[in-house]
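Chain IDs A, B, C and D follow the sequence of writing; residue 1 opens each chain.
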Amino acid sequence: MSTVTRRAFLKATAAGVAVVGFPLPLRAQAKTVKVGLIHTVTGPLAEPGQACRAGAQLAADMINAAGGITSLGGAKIEFLLGDTQTKSDVARTEAERVINQGAQVLMGTFDSGNTAAIVPVAQQRRVPFLVDVAAADPITANVAKSVKAGQQKVQYVYRNFPTGSSFGRRAVQYFNEIFKETGQNPRRVVVMHANDLFGSIQAKGFKAAWDAAKPSWEIVDVIPWPEPPSDLSTEVSRAKALKPDIIAPITRPASAQLLLPELIKQRVEVLGVISPGSPGLYEAGQIAALKQDLEYVMDNVPWPNFKNPKTQQVAAEYRKRTGGKTFDTQSGYSYDAVFILADVLERAKSTDPDAIVDAIKKTRFSGGLMVYGGPVIFNDLGDNPNAIPAMIQILGQKPLVVWPKDAAQEKLVFPRPKR
Amino acid sequence: MTWLGIAALGVLLALPAVVSSYVLTILIFIFFYAFLGQAWNVVGGYAGQLSVGHAAFLGVGAYASAVLAQEVGLSPWLGMFVGGALAGALGAVIGYLGFRFGLRGFYFVLLTVAFAEVCRIVVNNVEAVGGAVGFYITFTGDPRQFQFRDNRAWYYVTLVLMLAATGIVALIERRRFGVYLAAIREDESAAEALGVDTLRYKMLAMIVSSFLTGVGGTFYACYLLSLQPNAVFGIPLSVEIIIRPIVGGSGTLLGPILGSFILTPLAEVSRYYLGQGGWHGAHLIAYGVLLVAVVLFLPEGAYPRLVRLVRARKRA
Amino acid sequence: MSLLEARGLSKRFGGVRAVDHLDLALAEGDLLGLIGPNGAGKTTAFNLLSGFLAPDAGEIRLRGRSIVGLKPHRICQLGVARTFQIVRPFPRMTVLQNVEVGALARHAGTGAAVRVARAVVEQVGLGPKANAVASGLTMPERKRLELARALATEPAVLLLDEVMAGLNPTEIERMVVLLREIHAAGMSMLLIEHNMRAVMALSQRVVVLNFGSKIAEGAPAEVARHPKVVEAYLGEEYVDAAPAR
Amino acid sequence: MDLTLVAQGLLSGLLFGGVTSLMAVGLTLIFGVMRVVNFAHGDMMVWGMYLAWMLSSRAGIDPYLGFVVCAAALFVLGLGVQRGLVDRILDAPHEMQILLMLGVALVLENAALVAFGPEPARVRSSLTLPPLWLGPLFVDVARLITFVIAIALTVLLGLFLFRTAFGRRIRAAADNPYGALVVGTDVRRVYAVAFGIGAACVGAAGALVAPILPFQPTTGLGLSVASFNIVIIGGMGSLLGAFLGGLIVSIAESLGAVFLAPSMKELVSFGLLIVILLFRPAGLFGKRAA
């Protein structure tokens, strides 16, 4: 159907469906690759969603300034922005909208539920979907399963982010390695976590990995709290009564600001506070708010590799653009996703969805700024097994990578010095 | 009026042939929220018992059919009725407690909010259905599993849902049940004095309403493919369910549909035009202002106003 | 056997005996007036008879069958219909719809109920207003609507709570005529009334309450001369158009 | 069960309860006088928090002083909302009142998002003293100060309502709007002031809790729901009920965190709410049911 008749029709029915005024697809227009960039820009997860958007925009600007996608005649990356409002129904509608506006690739969304809602759109409309941040395993695994069962022909959904289960495995591994490296032998670990989507993915993954690895230390209790909490003092008293050697908190930015000062106030004496994975603990704003309460805290997060000089430059540019924000998990992974996408498009030499999928499957990309366990590749589930978290520690009020050793910017401090 | 209805139906049936998948998606959500609004309308509009906890029924229906499909292999075509029945049972419990103890007005509002919150908190802590991580449904696109590869199929599914609910409400409205509900809404004691078993009819309204809402849960699960307790049991969803019928005119047959046709596209347009720049949240401010404006300028809802306008024009 | 009979009916609110060992009997076709000063317990007695309040003690029988403890709607279905002193129309419904609610107590189908309702609306003289919204009615019209709704339930006994209150003398006259017609058609009625002239004109028998107890019973003329009644009403202003309490 | 833990839970809950009480007192005043349910209550509180944050970060005014300014600002906001919006819908059906306040809540929440961004904020008070230790129990000084000020404000409000002529008029209007109309009170003025005071209470509560509780634009909804719970549990329209209800709910949740999985602790207050609604809908300290 031609655009003209569609427009004419829409005008005729405009009274019922107020959609007139939406730009209509102009697929023929050359020299841009349209990418639907959909994140949780408003709602409860607005903060990380906005960071994702900012990181991706920085990357696209850099690629475009350097001449765009060479193999596509210097085509520029053009984003079609979407906001899920942290709601799944809106996520699906936004995906349809950006595709309608001509999006040839989708990226997003930070929230696992919102991301899952976009999966069927990507599969139905045959638009490759590169998940930049979202940890729930089933997002990709379920698609792989249905492709394997023959219910779908092609998998269009890929993810460059550690999955919930891989997060946990790494966390347990790093705990063991750090204890061994420092010659410590802590026994009692208390897990405290935000009982929201991300927090409980992390807690479950950590517990499962611990069950599988059977290390010398024990998880004596798991204390979840409703997120956002209004008060955590009783939770901390409860943890303290368990006489822990290690507190393993999984926090959101808001709960971190409650939990960490509370640990200090109530004089919970531990060898260290090591998070199996807390997004946002390392934000400049967080450090400014928490100050000494955050010193020596370790956090197992996907993190930019600051040993790479390029990362330093990008982080500085990002800070400049965002008014002082840290180049972090969200902004970093969204940034990398755009570069991976550029690499894929270079090799695909086309915006045909199946050509893009073929190129995605053959990806071996080493230009990422995050800490990786190897080049970016995609396994048969559509996940990158080399997307790994790193252990960072707040030292001298700065988040620094301390583990794995080869990415470490600084020597880790464990146990933490007594106050 | 009849001809207008038939013409509208004809247009709705033909639309998928000509509009884009994006417009279809908007229409799908217009129909779906009109359906939910219509379901709410039975108890919240006609019977005047304001429930702000209807998300609980959607959540129970969605989880029931999704878990049965994924774990037991029961097709959601059947699961939707199991989910509806469970939601209806929950509605019966909440209704019985609320009505039996004579909770009216704001007290009933808070009872329903509290029950929905209890469901949300409990499901957040039930590991068997994924807890806070949520429950994920595999996308198969298999119609036997209530999944479709084509948005047009979803369009007709939600259209049928909306029309079915509207048909049920139309039937109720014309019968003793409907007249009694209206009497209860207007003055419960007077209705009681005229032989209306108010407890029984309020219970029936609650059960019909929660059953329908629970059936809608299956669509939510199969269309969006994941369920998170905070999303499907949360107050924001309950609010989404009630605002359309209220804006359209609660306790009227076409109010929920009109409300959905007004609000859903407006939300879409304001998100599109105000959601691009750096002013994250501006579109929701506009949406809030719109709701306030509706209350101030259409205090009886859009549909009754429309009817009066049409009548005035006819007379003129 | 009495149609409606109360024995030893008592109700207390805190320390106040609102109704105290009240005996009442209404035979088929009776028109009984229930009078007494403000706060004598007349409306409480109605609330007990119609099931809106549960008595602390006593028995209420309809055609010999106990109706104590039944819900108001059940009592209505059994044949006792009441009106409210402060009228309670369904404000956003039309006159006809208001009356239809009452008619539905006897007719499950809306078609039959509407036919009955239309007839009753005509009977009480609201025919021209049948499709008007109740909230727009005048006070006399509301009183008639209140009566019409109760009539539409096709009761065996009609309990009327001050249907004259707030009406002017002409309107009262018309209401008296209407009630006479209804009574003449065979309806049994219990009438709370503040307007003495109307009660005296309508009732065959009058029961006088004071402080919850019956102080006199008999034909209107004798009751009016009863010393206890004169004493109870001493100082009480009663004018023709006594306002609702 | 560790007795120290229980005692600590009691103490922490009690101290936190001061602010929740003040918040609920504001809501109950608005409801008691106008029978309007303020769904924007929590969002007003969030604005109180952000104002305290601005005062502290821009002008260096400590929140323990700045709360006066926040209360005044919210008073004006409340007055405006009442005069401009609520006043017009007092006789509208309940669902329209709810819709109106939901619209106001949406505007307030997203205006905060536009103005302050989504990051959680927190106010630093200069009065950060080390916690006091009573044997094994600790007392957080910030909470103690907050608690004392919150209680002082509630007492002041009580004195105003019970000891001044205007306060008596507000209470009269709460008891019976028609009666108050007859005795010649300017009911509309009373309503506007009552709404303003209700908003001022929650503004002060927001400022006072800002050093303890990190906040985001989305924090409001949870606070609204928490206020509703407390007000119902304590007794709708009862000042004392709202005050004691705030303490009871806070303590109950704190103990819930001791005895249950803490992520279930909110169940305690919702469970309490349901039980109260069913068996004593007038609330623990309310006069009678609606």
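The rule is simple: a contact is a pair of C-beta atoms (placed from the backbone, for glycine too) under 8 Å apart; a residue touches a chain by one contact, two chains touch by 3 or more.
Note that the structure is predicted; figures quoted are calculated from it, not measured.
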{"item": "Shared chain contacts [chain A and chain C, defined touch]", "value": "B"}
{"item": "Distance-to-centre winner among chains (Cα means, whole assembly as reference)", "value": "B"}
{"item": "Farthest-lying chain, centroid of Cα atoms versus that of chain D", "value": "C"}
{"item": "Between chain D and chain C, distance of the C-alpha-averaged centres to the nearest whole Å", "value": "48"}
{"item": "Centre-to-centre distance between chain D and chain B (centres being mean Cα positions), rounded to whole Å", "value": "31"}
{"item": "Rounded Å distance between chain B and chain C, as computed from the means of their C-alpha atoms", "value": "43"}
{"item": "Geometric centre distance via CA averages, chain D-chain A, whole Å", "value": "36"}
{"item": "Of all residues in chain A, the ones touching two or more other chains", "value": "42, 46, 50, 195, 224, 226"}
{"item": "Chain D residues counted as touching two or more neighbouring chains", "value": "110, 113, 118, 217, 261, 263, 266"}
{"item": "Residue numbers of chain C (touch at least two other chains)", "value": "none"}
{"item": "Interchain pairs in contact, sorted by label", "value": "A-B, A-D, B-C, B-D"}
{"item": "Partner chain A, residues of chain D touching it in the complex", "value": "2, 4-5, 8-9, 12-13, 16, 110, 113, 117-122, 124, 131, 138, 140, 212-219, 222, 226, 250, 253-255, 257-258, 261-263, 265-266"}
{"item": "Chain B contact footprint on chain C (complex, rising order)", "value": "50, 52, 71-74, 76-77, 81-82, 84, 88-93, 97, 100-102, 104-105, 108-110, 113, 149-150, 152-153"}
{"item": "Of chain A, residues touching chain D in the complex", "value": "42-44, 46-47, 50, 195, 223-226, 228, 230-231, 233-235, 237-238, 241, 253-254, 257-258, 265-267, 283, 285, 289"}
{"item": "Residues on chain B engaged by chain D in the complex (per definition of touch)", "value": "44, 50, 52, 97-98, 101-107, 109-111, 113-115, 117-118, 121-122, 124-125, 132, 235-236, 239, 242-243, 246-247, 250, 279-282, 284-285, 287-292, 294-296, 299"}
{"item": "Contact footprint of chain B on chain A as seen in their complex", "value": "1, 5-6, 9-10, 13, 16-19, 21-22, 25, 41-42, 46, 50, 81-83, 85, 87-94, 96-97, 99-100, 112-113, 116-117, 119-120, 123-125, 136, 138-139, 142-143, 145-146, 149, 151-152, 164, 195-197, 199-201, 204, 224, 226"}
